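In what comes next, chain A is part of two complexes: it sits with chain B in the first one and with chain C in the second one.
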Partner chain A sequence: MTRGARAAEWVVLYALSIVVALAISSVIVKATGGDWWPVVEALVDGSIKAPGRWGETLGIAAPLLLVALGTVISAKAGLINIGQEGQLLMGAAFAVFFSFRIGGPGPLNVVLLLLFGALGGAVWASVAGLLRFWRGVPEVLSTLLLVFVAVQAVGYGLKWQWLLLADEASRGNRNLVSEQLAKDNRIPRPDIFGNEFPITVYVALALALAVAYVLARTVWGFRLRMLGHNPRAAQRSGVSSTVYGATALAIGGAFAGLAGAAMFAGGGFSFGNYRLVPGFSDFIGWTGLLVALMARERALPAVVAAFVFAMLRTGAGFVNSTGVESRITDVVQGLLVLALLVPPAVVFLRDRRRARAAATERV
Partner chain B sequence: MLIDFFSAVGDVLSSESTYINGALFAALLAFAATGEWVAERSGTLNISVEGMLLSGAFAGALGYHLADSVVVGLVFGAFGGLIIAVVQAQMSHRLTADQFVVGLTLNILIVGLTGFLDREIDPRADRASTVEIPVLVDIPLFGQALFGEPWPFYLLYGLVPLSWWLVYRTRWGLELRAAGENPQSADVSGIDVNLRRRQSIYYAGLTSGLGGAYFLFAQIAAFDDSIIRGQGFIAIAAVIFGGWTLWGTMGGCVVFAGALSFQLSLQGLGYELNTELLQALPYLVTIGTMAIFARRVRSPAALAQPFIRGLK
Partner chain C sequence: MTGTGGSDPSVPAVQLTGITKRFGGIVACDQVDLTLYRGLVHGILGENGAGKSTLMKVLIGLVLPDEGSILIDGQPRTIHDPLAAAALGIGMVHQHFSLVDQLSVWENVALGEAGKLDSSGVRRRVAAISEQYGLDIDPEAQVGTLTAGLRQRVEIIKCLRRDPHILVFDEPTSVLTPEESEQLFSTLREVVAAENRAVVLVSHKLDEVLHATDEITIMRQGRVVDRRPTTDADARSLARAMVGREVSLRSERAAFGLTEIEEAADVGPEDGQAAETVISDEPVLRIEGVTVRGRRGGARLLDDISLDLRAGEIVGVAGVEGNGQRTLGDLLSSLVPLDSGQVVVNDSVVRTGAPGAMAKAGIGVIPEDRHDSGVVLDMTVAENLLMVDPHRVARHGVMDKGQVTEAAQQMIEEFDIGCSGPDAPLWSLSGGNQQRVVLARELAADPDVLVAAQPTRGLDVGAIEYMTDRLRQTAVDGVAVLLISSELEEILELSDRIVVMSRGRIVGELSHDDANLETLGLLMGGSEA
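After this line comes the complex of A and B, so read on.
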């Protein structure tokens, strides 16, 4: 088969599976007595067309992309980190602790705050790394269980003034809330054609390019991929699964933590309005994980996937007005990821069958 | 402070509700962990068990909603789990997609789907009637928890031995274990490895779906998409804790459920200990026990390794 025909076949297969996923979603909506087209229109309105909405969408796509990039890195090393939600929350908590208990004013503070957030996520992911490589605990389970622990730990921090809680004057009659980040400590949100979004969007895009480059073109990235593809061969050629695996997990956590810090310092009304509150992470960690899965654990497709999922999220706010429950967007997300798993598997199996047939003919 | 703590522990341990709550959670975990154990013995680490529980709970509520009967609810629940199992098994052990990716996606999809359907349909369910086994129910402390339960609880007394018998005393079970230990040899001796793995996932789907429906009828009787809250993952941890033996797995269910019910009782009895620590306790206990036991036991040799003929 020629290269062009093969590429065309991929496009057809992917398009087909997306159509099937959307068709199933529409059947679910129909079955519960709703109409599908108004839902689609509301999604487009809410995510792009209505004034100020595409800025909103970009602002949500940025943390999703950051989380997904971290997931891509740990997945490339063959590790399954599913605790992004907790790592993100820890990152936000570290950033808050730094902003109000250590740092001072000014733009330098913003950078340090973001770094502290990344540190928080890395620390939390490294707990799982430690358990994995020292005690042999599967990271699938430990990263997940640590999410629930992180939620409680941050809840605990929000009860004590020396940790995260705001002093009485600035918290008013609210409980469990941190101070509000001062104006000069926030990530700038320039206004472009009536849409405003934090400049972390650019940072996330740059990092996506950087991750794609590092994984594809550097020795470190090569070793990481080798570890993921064939741990035994990697070990024999001197790639320590402990060192590389633990580093990959920590970096994955750092990305999630960075996303948390960026949501805190530049999220605006979408995320706690510059305060840390219970439920701050708001499923960004989980959705970011889905973004990475939908992008089949590659950095550049994750950019597109992050934007699509952010659209589903900002669009969801408009769906309720059509009389259909807005959680249909969660269903669409899940179905899209599942559908996109099918084409590569189908092609793989068919190629193998052909190869086998060719091999047996020759004998 | 320390004395307070000990008196609190004493109160909790002598309170009947601790054991009743413990049995509730232990049974939920046991339903899921039994099936998960079978699946893992065949070499598949089936992490969609969380979604199977949730799907089972929702299908159970739906069944009750439609037919006003707990029996129908349980049957629906088992099928609810089975649907997830079919998707998981076909995608990961026929289409060779990554089993973790499929499982994770299913888990997240099911939270959204059941949440959506719950608000659209709003099924109402009711608690199952309690059956007390005479004499045994009067045993102090434990009696009520083990022999005075809503009736679906007693299915476990049949399900667990049945699973043991299937895995250790039937040809099917032998082939299944062969697929989990050495799929290449199993394949050469004529066993369809991926078929056995798919079947073991179906079994996990049935038991987990049943477990989800049991939990719905035993306790809350109203569906909510957060009722399972990671219990499926704790069931997986219980299998690891039990070193891939059935009795060890059941022990794990009891330990983890104990930690959960300890926390609930402590709050129920009005002790003002550190609530965050207590809520994190079941997860910390799970992580801690895995840290101790994960290396000491031998897992099925081909656990979580996909089998594709001709590739090693």
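After this line comes the complex of A and C, so read on.
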């Protein structure tokens, strides 16, 4: 197939599945007594059109992109990491611990807390790496289970003042919250055309370019891809599946952890407002995994995919205000997420079948 | 299941007319006509990349042609996918296996069947087919434990079970020994004639095509260049028609090598070998008392093997396939650790099983199954060519695009690899061209020891001639070559020394002068030297 035909095929697939999702949504909205056009308008308003909204959307896109980049890296090594939600939470917890128990004031601490966040995610993912390469536990299982462990562990940390819990003075009568990050420790949020977003957005973009470059052009990226495609050829060529695999998992976790730290220090009301609270991760890890899926595990397309998923989130916030029941908006959002994932899935399955046929039936 | 058509022998079972298929700039098939009749076996010959597999894939529905028409039993048809082909009674046996190792033979045969599983029925059917076609096999055996030859049988039984009346074989025997394929085709031929099936056989083995077919079509660069009844053909003329020049054939050269004439003055290029080659006294590779057990502490795959290899010599490893050759190759590819003994290269012990240890020690390997550890299908030709040593074209860990392309381009030209360029994905190459990629990489890496397992598998006659010369030249250049092959002729032609493997042991060793088909055959059969 030519390039043009491929592009056209994508457009058609996406258009089709989004139209179908919208059609189903409209039926549901209608059936529950709502009006469906306002819902679409609210989606657009909430994600980009209304004042300040695209800044908000970018603020959500950044952590999604970071998580997706990590997922891309572990996927290239042939590993299925699905524990980003937990790695992200651990990253946030590490960042919080650093900010209030170790670090001091000043901008240097912002950088350090982000690095600590990355470390937290990496440590958490490496637990899965250790189980995988030392005991042979499949990483799909261990990363998933570690999500629940992470939630418990962070909940526990939030009960103890020497760990994450804020002192009485700053938590008032609330339980299970951390202190609020001091103003001079926060990630700057410059105002651009009435839109505000943390500068980690630029960091995430730069990292997307870096990941794409490293995977495509460096010897390390080359060998990592080799491992993912054909482990035996890799082994013979000197790529240790243990070293490369564990590193890829750790890096994947580091990206998720960085996302968590960036959410904590980057502000925006959606992310706990500079505090670690229960439910802080807010499905950003899971969604980031979906972003990577939509981008079919490639770094640059993940930039677009992250923005689209962020739009869904910010848009859905506005739909609530149209009087449609919030459970219905959840369904609408879910349908749209599915619509975004169907085309890559279709193409993936078809290409894989073709590639298999080409590979195995070729003589 | 068989299609609608009656068995009127005058109506061709298959008639392909003007089939054209382009892949980007490459015309894989160019106005190809092909007619198959019931009861006849049709051979297709052609160089690597000539378009043989593509044409077969058109027939089986894996490739949609850009132009041309397909008549099945006189009816015009479009075949969109293999299911449609199966419904029309067309079945294909592919070279690469699609079997599930964990399952037994009959379970594999039953796979993909709709409806309720009738296990005793399937077993009976397997037994009946293996009886009818002389494809001896134990229906209860686990496929993972079978040799390549036996797996091939399972594939064939799988195909025959659907009772297709049009049968396509694409290089089915490249994993069989000559005896196995001869036996397979003589039975198949009789039965096919008796049952009125139409058969196509794609092969690079001229003897086999001469022996098994009724009519031969020769393709070159996507076109049909010749077609003739098999009775009018001989190996030499076929080879010339395929390649477009004179080629010296292995069968002839091997026969040559075994006669007294070798002693005489002018016998061609291989004569100079003995004079030029300087075999050093010090071994480069020492395999000392190596034992490898199968998984779960099972049978010994290699049993106390000891072998020395000196620079400049070619040592052939002969034996019936499945007697440890594969494990030997894997061991020298750092893919399996050993249970006892050691491997020494240039006087230092190699950590067996450690990633890349053998490659680092200077051992290059052409693996017997290229798809297993030889290539990465989803990467480009250039990446595959630089797999083992990417640092060669990198600076500070970053690969230099210009150097990558240049290095790849050079190997593509030197080894005449047919592809659309260094950036073509490897899976888009024809089978023989994939093999050339492996050969190019391993020979270009300048190893101290070269392990060549079935190095010419899938190559056309011209390429075999070239590769044979290259291997010999490699030895002359001071590399120690270990040639593992199930083709005795290949071993006899190239080796200075021949060891025979049976059940994971080395059961005998012969010098080139003492070896002939008979002595080797005896040893392979299990009698001690």
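Here, the second predicted complex is superposed on the first by the 283 of 363 C-alpha atoms of A that agree within 3 Å, B and C clash if a C-alpha of one lies under 4 Å from a C-alpha of the other, contacts with A are read in each partner's own complex, and residues count from 1 in each chain.
The definition used in the following text is that a residue touches a chain if its C-beta (ideal position, glycine included) is under 8 Å from a C-beta of that chain, and two chains touch if they have at least 3 such contacts.
Remember, predicted model here, so these are calculated numbers, not experimental data.
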{"item": "First (chain B), second (chain C), both or neither touched by A:5", "value": "neither"}
{"item": "More chain A residues in contact [chain B versus chain C]", "value": "B"}
{"item": "First (chain B), second (chain C), both or neither touched by A:238", "value": "second"}
{"item": "Partner chain in contact with A:148 - chain B first, chain C second, else both or neither", "value": "first"}
{"item": "Which superposed partner A:169 touches (first chain B, second chain C, both, neither)", "value": "neither"}
{"item": "Which superposed partner A:222 touches (first chain B, second chain C, both, neither)", "value": "second"}
{"item": "Shared chain A contacts, counted only where both chain B and chain C touch the same residue", "value": "none"}
{"item": "Chain A-facing residues of chain B, complex", "value": "45, 47, 87, 91, 95-98, 100-102, 104-106, 108-113, 115-117, 119-121, 230, 233-234, 236-237, 240, 274, 276-277, 279-280, 283-284, 286-287, 290-292, 294-295, 308, 310"}
{"item": "Touch list for chain C against partner chain A, complex", "value": "53, 57, 62, 92, 94-98, 170-171, 174, 202, 333-335, 354-360, 365, 371-379, 383, 387-388, 390-391, 394, 397-399, 401, 427-428, 430-431, 434, 458"}
{"item": "Of chain A, residues touching chain B in the complex", "value": "28, 32-34, 80, 82, 131, 135-138, 140-142, 144-146, 148-149, 152-153, 155-156, 159, 286, 289-290, 293, 325, 327-331, 333-335, 337-338, 341-342, 344-346, 348-349, 352, 356"}
{"item": "Interfacial residue positions of chain A with respect to chain C in the complex", "value": "217-220, 222-223, 225-226, 229-230, 232-241, 355, 357-363"}
